[in-house]
Amino acid sequence: MDLATVIGIVLSFGLVVSAILSGSSLIIFISVPSFLIVIGGTLGAAMVNYPMGYVIGVIGVIKNTFFSNLESPVNIIEQFKDYANRARREGILSLEPLIKEIDDEYMRKGLQLTVDGLEPQTIQEILETEVSYLSERHATGADVVAVLGTLAPAMGMIGTVVGLVQMLQTMSDPSSIGPAMAVALLTTLYGAILSNLVFNPMAGKLKARSKEETLLREMIMEGILSISKGENPRIIEEKLNSFLPPKDRVSSD
Amino acid sequence: MDLATVIGIVLSFGLVVSAILSGSSLIIFISVPSFLIVIGGTLGAAMVNYPMGYVIGVIGVIKNTFFSNLESPVNIIEQFKDYANRARREGILSLEPLIKEIDDEYMRKGLQLTVDGLEPQTIQEILETEVSYLSERHATGADVVAVLGTLAPAMGMIGTVVGLVQMLQTMSDPSSIGPAMAVALLTTLYGAILSNLVFNPMAGKLKARSKEETLLREMIMEGILSISKGENPRIIEEKLNSFLPPKDRVSSD
Amino acid sequence: MDLATVIGIVLSFGLVVSAILSGSSLIIFISVPSFLIVIGGTLGAAMVNYPMGYVIGVIGVIKNTFFSNLESPVNIIEQFKDYANRARREGILSLEPLIKEIDDEYMRKGLQLTVDGLEPQTIQEILETEVSYLSERHATGADVVAVLGTLAPAMGMIGTVVGLVQMLQTMSDPSSIGPAMAVALLTTLYGAILSNLVFNPMAGKLKARSKEETLLREMIMEGILSISKGENPRIIEEKLNSFLPPKDRVSSD
Amino acid sequence: MDLATVIGIVLSFGLVVSAILSGSSLIIFISVPSFLIVIGGTLGAAMVNYPMGYVIGVIGVIKNTFFSNLESPVNIIEQFKDYANRARREGILSLEPLIKEIDDEYMRKGLQLTVDGLEPQTIQEILETEVSYLSERHATGADVVAVLGTLAPAMGMIGTVVGLVQMLQTMSDPSSIGPAMAVALLTTLYGAILSNLVFNPMAGKLKARSKEETLLREMIMEGILSISKGENPRIIEEKLNSFLPPKDRVSSD
Amino acid sequence: MDLATVIGIVLSFGLVVSAILSGSSLIIFISVPSFLIVIGGTLGAAMVNYPMGYVIGVIGVIKNTFFSNLESPVNIIEQFKDYANRARREGILSLEPLIKEIDDEYMRKGLQLTVDGLEPQTIQEILETEVSYLSERHATGADVVAVLGTLAPAMGMIGTVVGLVQMLQTMSDPSSIGPAMAVALLTTLYGAILSNLVFNPMAGKLKARSKEETLLREMIMEGILSISKGENPRIIEEKLNSFLPPKDRVSSD
């Protein structure tokens, strides 16, 4: 569970609502048609912008911003020190029974290729291709959400211009100008809120997460290659530690 | 047929029209001269911005956003496993009769060069040049549409300023200000709609498609090079699988 | 002659003028001082922004957007097939008499270096340096025009703010507000037109052209290097074809 | 202590306050609810945008903009000349006792690996991974602050639109329009000040600092590798000097 | 002396002043407090944005936009042809007496390393490090000025919002609205002028200059490496010529 996402949304929406309530009732800020134009138009344009599968997938992507289950890099370093020691003492084939217990598919596949005796360079090619396309898929997920963040204020602006044109065409009664314009501005407000409090920050979180996962994958790749080259456990530890900030490193003893 | 493009356009335009109809008749939003200024000015500037061929070609490019016929990556992996097995058992020349049946020109050319016995490095150079210029041509197609998406709101703004200047020069009759300004705003509205609901999302779809096609081409190149180096069918499968998300992979058995 | 540039400018300017004429006379949109501020201020800031030579050179650069004389890639492939065949049959020195007839300086120089017997790697270094600095010079030319496209609306905005300040200071007579503001808006209009209908699209055309010329230079370099390595004419054809879209390729027979 | 940050903030805020005081009392510019909306909404959206740890860490990151303790590059060059001379005269193991006295962890680790006799290439890999992830962590810190700088004016704009809608709905009393709009504008003002005078410049300083630290790390890496390759002290000096502007270089004698 | 900078500033400021004088006296556009807010706030934020040394250094950087003293590339080619001939005829040590007469420190250092007999690869490393950090220092100088160009309009906007809030709070007397708003707009005008006519173009000139100097340094490096590898003077000439546009090249005879 990513509490930050929940707290952040509650906090920012709470503040906007309390800002509204301090000056008027909430009711004048609620307009279902205005909301449908902004959210529907945004989704419509997103369907033009991306293949159908991506737009449907965006629900899963957004759900991801509420959950997080990356393994700790420290555990990974400990695991690799363990594998490296065992491989040194009992030969690389002794890792075979351990591989089945690994949860992470990427790590399992990489170690399996190592135990199968592939050349380090071939293993590196396969693992690098996988990391690079994983990051690209992550980037695409974040991009879809970021595009929603660009489209929402545009739809809000279109809704406001529509309202303005209608108001200006029928400006005979001056007392109606204010409320009509207030209604016209609601789509702008909805677009700005959806973009700045929801979609853009969510795209940001997906990017931050993707960076962390890519870091983990690169650490795992480095560890697997070191084992496949039969490197010294201490050097493996130094190599993997260099991915982390000094305070998070595993110390040798 | 890319249904997402059709549904997306129908949905977003439908919402804008229903937003209009909920407040006034559609007629006050229709102005053929305003539309001609925005669309014509946009096309005119696009002709200054790109060689003639590109601007004419944009019609074909836009049509592409409604159709899609990429081969499935899973089929490609199966095909390469098959070729690799055959090449191992019966020699690389045994692929010759199969090549003629391949629809995809890129794959056919690459395998032909392999059967002709060219060095893997020469094949790689040729196929890489082709992928890189294919992506560049795709990028250019998407860029032309994206430039239309930049020019349309600029033309809309120019149309509105022209209308404002005319209105301000003849501001003697206050009651005419509203409708005159409403008309002036129409070009802004047209520009915003064309840009945000049509051109920008279409440019986005072209980019998403180009990425998918480039991925396929890179998979095909990897497969061809593996065959030309006589690699093990299982390694080819591992290599090609690493381009795909885990759930889409071809499993070995 | 690049007709697209001419037609594009006539079309977009024609539409703006006809938009004006449909609502008022053209005369209220003409203000020589406003035009001088926008164009003069833009040029002045451009002179601060670039060395003098670049700003003077911009006239030639803009002229380039009206003319175009790139050789066809198909001719270049045919030429190289011819050279490669001759070099194979009669030795590389047999190309010497043909070199003098080549119009394109880059191709002539590259082939001369080949006939002089330089190492392929040295030839590649020289030709790559030349392509890379050619693209950089082109990019600079397009950048100068793009900077004009950024400066023009900024000058337009400065002119409008100056007019607004003057109008607001002397707001005693309400009936004069409209026309004064109309005049103030003219610099914004001029800036938007110069930027969106002239400078930005011209910068775009220069970039599109530069890409095409770079492609040609890279094809020529590939051809020269293939000849200097004594490669098979068929491979040269395959290599050069891979720069082009399938429909434009030279077929082997 | 980074005096520039302190003086800069005092200067810019002082000028804004004195601008206010020259025209009215400060009191009409103070609205605690408006401030809470802007700063709270900004923090809320930042929590959606980044994992919790980053948002909490931003306090430490902002504190960093007030302090600075990078070592001088000149000292580092002197140190390496010293190490290189000693390694040449007395062997690389003679550096061992000096290593313990080094404060900088990166330099200590690199020299320890050298004394331990690792291959220069392995040392380079480890040190490069460390520099590259250090820069990435720095970039992330600066990015969090830069995102605050993007969110603050967005929240300010949302607050102003909320105020506008309320004002327009109750526009019966014209005399209340001015003050209501003045209050609505305060969130825009707060957002602009936080973004332009605080968050964006702080993100800028973090980036400038990160560049300087990366430069130092690259110099140290170059020095360590030169020692591990047993290079001549004079060449080490030349290599390290080339990172610096001519006037800051260490002269040979 | 870079006349373009002087003429450009005189031209653009002259046009703005004459635009003002054509409609009112200059006096209503002069407000020392408004100017202090914009320039002082900009400098204050710049001090938060960069270490103190950079902000103080910006005066020297701006002075650089008025002066220019790069050597001509043609002279450099002639010099290297001369050195190469001499090195061929009389040995590389014969260059020693000439080195002391070279003004350019970079060229002198590179040739000295060559005469000292360092490996071409070591020389290349040292010279490349130097060019790369030189460009980075130049980029930083231009960036500081570009940041001033971003901050100035932001400060102008903050000043205008402050003025608007004050005006709206005291809107009892309608006749005072115009002049109060005119004053409020002055900071916007100052910010726009400083940004578009001064800081941004100056940052542009610094970047253009830096590109030219980097080109010269790369030419010099190429020349030095060719001499250190003992290459043929004609090849050196070809190599150096390829950095230049055809019309500026040195011809062989």
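Which chain is which? They are A, B, C, D and E, in the order written, and residues in each are numbered from 1.
Just so it is clear, a residue touches a chain if its C-beta (ideal position, glycine included) is under 8 Å from a C-beta of that chain, and two chains touch if they have at least 3 such contacts.
This structure is a prediction, so every number in the text was calculated from the model and none was measured.
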item: Co-neighbours of chain E and chain C - touch as defined; value: none
item: Superposing rotation of chain C relative to chain D, computed on C-alpha atoms, to nearest 5°; value: 145
item: Centre distance in Å when chain B and chain C are each reduced to the mean of their C-alpha atoms; value: 24
item: Centroid distance [mean C-alpha coordinates] between chain D and chain B, Å; value: 39
item: Two or more partner chains touched - positions in chain B; value: none
item: Category of the chain touch graph - line, ring, star, complete, other; value: ring
item: Chain order, ring traversed from chain A with chain B following; value: A, B, C, E, D
item: Interfacial residue positions of chain C with respect to chain B in the complex; value: 2-5, 7-16, 18-20, 22-24, 28-29, 65, 68, 175, 177-179, 181-182, 185-186, 188-189, 192-193, 195-198, 200-202, 204-205, 208-209, 211-212, 215, 222, 235, 238-239, 242-246
item: Chain E to chain D touching residues, read off their complex; value: 33, 36-37, 40-41, 43-52, 54-55, 105, 109, 113, 118, 122, 125-127, 129-130, 133-134, 136-137, 140, 147, 151, 154-155, 157-159, 161-172
